[in-house]
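The structures come next, written out as structure tokens.
Common to both upcoming complexes is chain A, partnered first by chain B, then by chain C.
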Partner chain A sequence: MTHKTISIAVEYTKTPAGRYYSDGSFTGERFREEFLYPALTKNDEVEIDLDDTLGYGSSFLEEAFGGLIREKNMDINELKDKLRIISSRALYENRIWQYLKDAQQEKNNEKTIK
Partner chain B sequence: MKKVNPKQEQWKKNKQFKLKKKESRLKKKSIKVVTPDSNSVPTEQAKKIQKIRMVVAPEYFSLTNDNHREELLNFIKKIKNNLSQGYKVDISFDETRTLVTSGTLWMVAKLEKLIYSYPNKISCNYPEDNTVHQLLQHIGFLKRLGLPDKVTEIDSDIVRHWHYISGTTTDDVSHFDEIFKCVAVPEEFSDGLYDSMSEAVTNTIQHAYDDDEIKEWRMFAQKKDGKLDIAICDLGVGIPKSLKQKPEIKKWITSPIQSARKNRDSYLLEVAIQSTRSKTKLSHRGKGLRDMLTYAKSVKVGGFRILSGKGAFDYSSSKKLKVSKQFKSQVNGTLIEWQIPLENNHDT
Partner chain C sequence: MTACEFAAVGWLIAVFVALYSNRQANKRETRKEIRDKINQLDLLLTNLLDSTNNYYLDKNALRSKESIKIYSYINDSYGIIEDLKKDIKLHAQFYVMYELITGDDFDSKQHQAGEQHAMLCKEVATQKSSLIIEAEAWFKGAFQ
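And now, the complex of A and B:
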């Protein structure tokens, strides 16, 4: 079983901000495309360590994690098996899972409409 | 019949009289045109371009008090009108005494934009008030208006702890780290503060401007009297206007039920803060303002304010009180402000 831990503060930035690539250099989209999604495709389990940054705006977290379902077509059940969030602030973990649930709900709604 | 406050009326009259006296004195000093060709007669347009109009900055840089807001907006309007008519403008800061964080930030943003649009057309004097002088020098504003630094040592406590950051992407939020280190925000309040501030900047980049515009934002942080005042400003479309651009909001506003209330910027601000949707119709967007309010509620003290268009939304963390206000005059863009206590004293 393969395992990967990514510390955002060490491997990405201590000041994550923004949603899309066009917003800046350390955005949610870039983190998802270049770090999170590749790790999830290559490993059975991925831990994301959110500690030691200054914090996270909702746009960053939503695009990084919610985008896995919306843009990369992953499924929340698959992520429940693979993804672990490490954070001394429970708020961030709660938000991430809420964004994943909302994204899954939206995806399901779109399928129903079609 | 509307009640007239005699004291207020007298104050206004005195103010107008002083201003007229000053402007008349200074008009006599208008520079005459000197052309390279002494035989040619300068055109009216050339004469106009060389003439300078003095504009006096108000006593208060504030957007939250009705009178002060009116004065600050008129100040900027006067400068803009003179510039667009071809005049140079010389700003006098002699009467300026009180610099409220959000009002000062907005003034700096507006003037910097005008300096960019009308290069070498705006000048100013060294402010009479020492604190005002030190602050405008400290943030580099006087230099941008062509005045070299005169104060050799910034000794005003208010100014030394005043930070200014600006950017056009989210990259410059990395400088927020310097502020948190300088100011030593207590941990119980710092958790979530960066979240809100970086989200405010992201909102500016995402929603305030059209795709082809430069997405400028500015931030002031001022440590004063045991509190940290932070304001983030953009000169974009503003929250009420951006909401009105959404088709379903436009439809909802124009429906006859409570249409007057729905058209008020103050009400639209409340909708934006409490709504899960954003300007872009996408339900995974638009959580930022709501999360900022959640943070303000969680810290239990201090405050949170949004000024945009004619609307204002205020939340007092200690009183757990939300207040909306509709002003008569419009502020272009959006200002978001937080007040955080720096001591664990919950008397704020």
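And now, the complex of A and C:
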């Protein structure tokens, strides 16, 4: 079983900000594409450490995590098995799981309509 | 009733009075703690609102400075909301504020301050107001 921990503050940036690549240098989309999704495809379990940054905007978190379901076609049950969030501030962990649920719900609704 | 029985009843009354006084003192202490937390939360959310208005509306504001303050007020406010959670549930309103303030093009290099964000700022102010009203209503119901 392979395991990887990514500390955003250490391996990415202490100042995560913005949603899309076009929003800046350390955005949610870039984190998902270059760090989070590759780690999830190569490991059985991935821990994301959110601590030691100033904070996270909802646009960053939604794009990074909700985008796994929306853009990368992952499934929330798969993510529940593989993804662990470490954070001393419950706000961000709560929000991430909510964004994942919302993205899954949206995907399910689209399938029903089709 | 014998003298011994009188003494026992006296002791019993004294114990009940002491227990009641202690309970009242604890209730006063809890009331004071929660009052202080609600006041702190109100102040933090007012500051959060000010920084949000500066960030979104004021073209002359230093954006990065306001953004740093916003994160700091969000983190501190949420800490108090967590502290209060066994008594008052304020999470839902706070999440709406968080989404409004830090969603969309927040912290994007493409962000432009101006009147186009007036509605967002009004919604944040409304949400802040309803969160505090709910906290105050709970407090009034619990302690007055």
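One rule holds for everything that comes next: the second predicted complex is superposed on the first by the 114 of 114 C-alpha atoms of A that agree within 3 Å, B and C clash if a C-alpha of one lies under 4 Å from a C-alpha of the other, contacts with A are read in each partner's own complex, and residues count from 1 in each chain.
Note that a residue touches a chain if its C-beta (ideal position, glycine included) is under 8 Å from a C-beta of that chain, and two chains touch if they have at least 3 such contacts.
All values derive from a computational prediction rather than experimental measurement.
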Subject >> Simultaneous placement of chain C and chain B on chain A, clash or fit >> reply: clash
Original post:
Between chain B (first) and chain C (second), which does A:Glu33 come into contact with in this model arrangement: first, second, both, or neither?
Top reply: neither
Original post:
With the two structures laid over each other on chain A, which partner does A:Glu71 touch: chain B (first), chain C (second), both, or neither?
Top reply: neither
Original post:
So, does A:Ala90 touch the first partner chain B, the second partner chain C, both, or neither?
Top reply: second
**OP:** Look at A:Tyr99 in the shared chain and tell me whether it touches chain B only, chain C only, both, or neither; answer first, second, both or neither.
**Re:** first
Subject >> Which partner, chain B or chain C, touches more chain A residues >> reply: B
Original post:
First (chain B), second (chain C), both or neither: which does A:Glu45 touch?
Top reply: neither
**OP:** Could you say whether A:Gly18 touches chain B, chain C, both of them, or neither, answering first, second, both or neither?
**Re:** both
**OP:** Mind checking 8-16, 80-88 or 332-340? I need the stretch of chain B that runs into chain C in the superposition.
**Re:** 332-340
Original post:
Common interface residues of chain A with chain B and chain C?
Top reply: 17-19, 23-24, 54-60, 62, 89, 91
Original post:
For chain C, which residues count as touching chain A in their complex?
Top reply: 67-68, 71-72, 74-75, 78-79, 82, 91, 95, 98-99, 102-110
**OP:** Please name which positions on chain B make contact with chain A in the complex.
**Re:** 169-171, 173-174, 176-177, 180, 191-196, 198-199, 201-203, 205-206, 283-285, 287-288, 291
Original post:
Which residues of chain A touch chain B in the complex?
Top reply: 13-19, 23-27, 54-60, 62, 66, 70, 89, 91, 99, 102-103, 106
Subject >> chain A residues touching chain C - in the complex, by the definition given at the top >> reply: 17-20, 22-24, 54-60, 62, 89-91, 94-95, 98
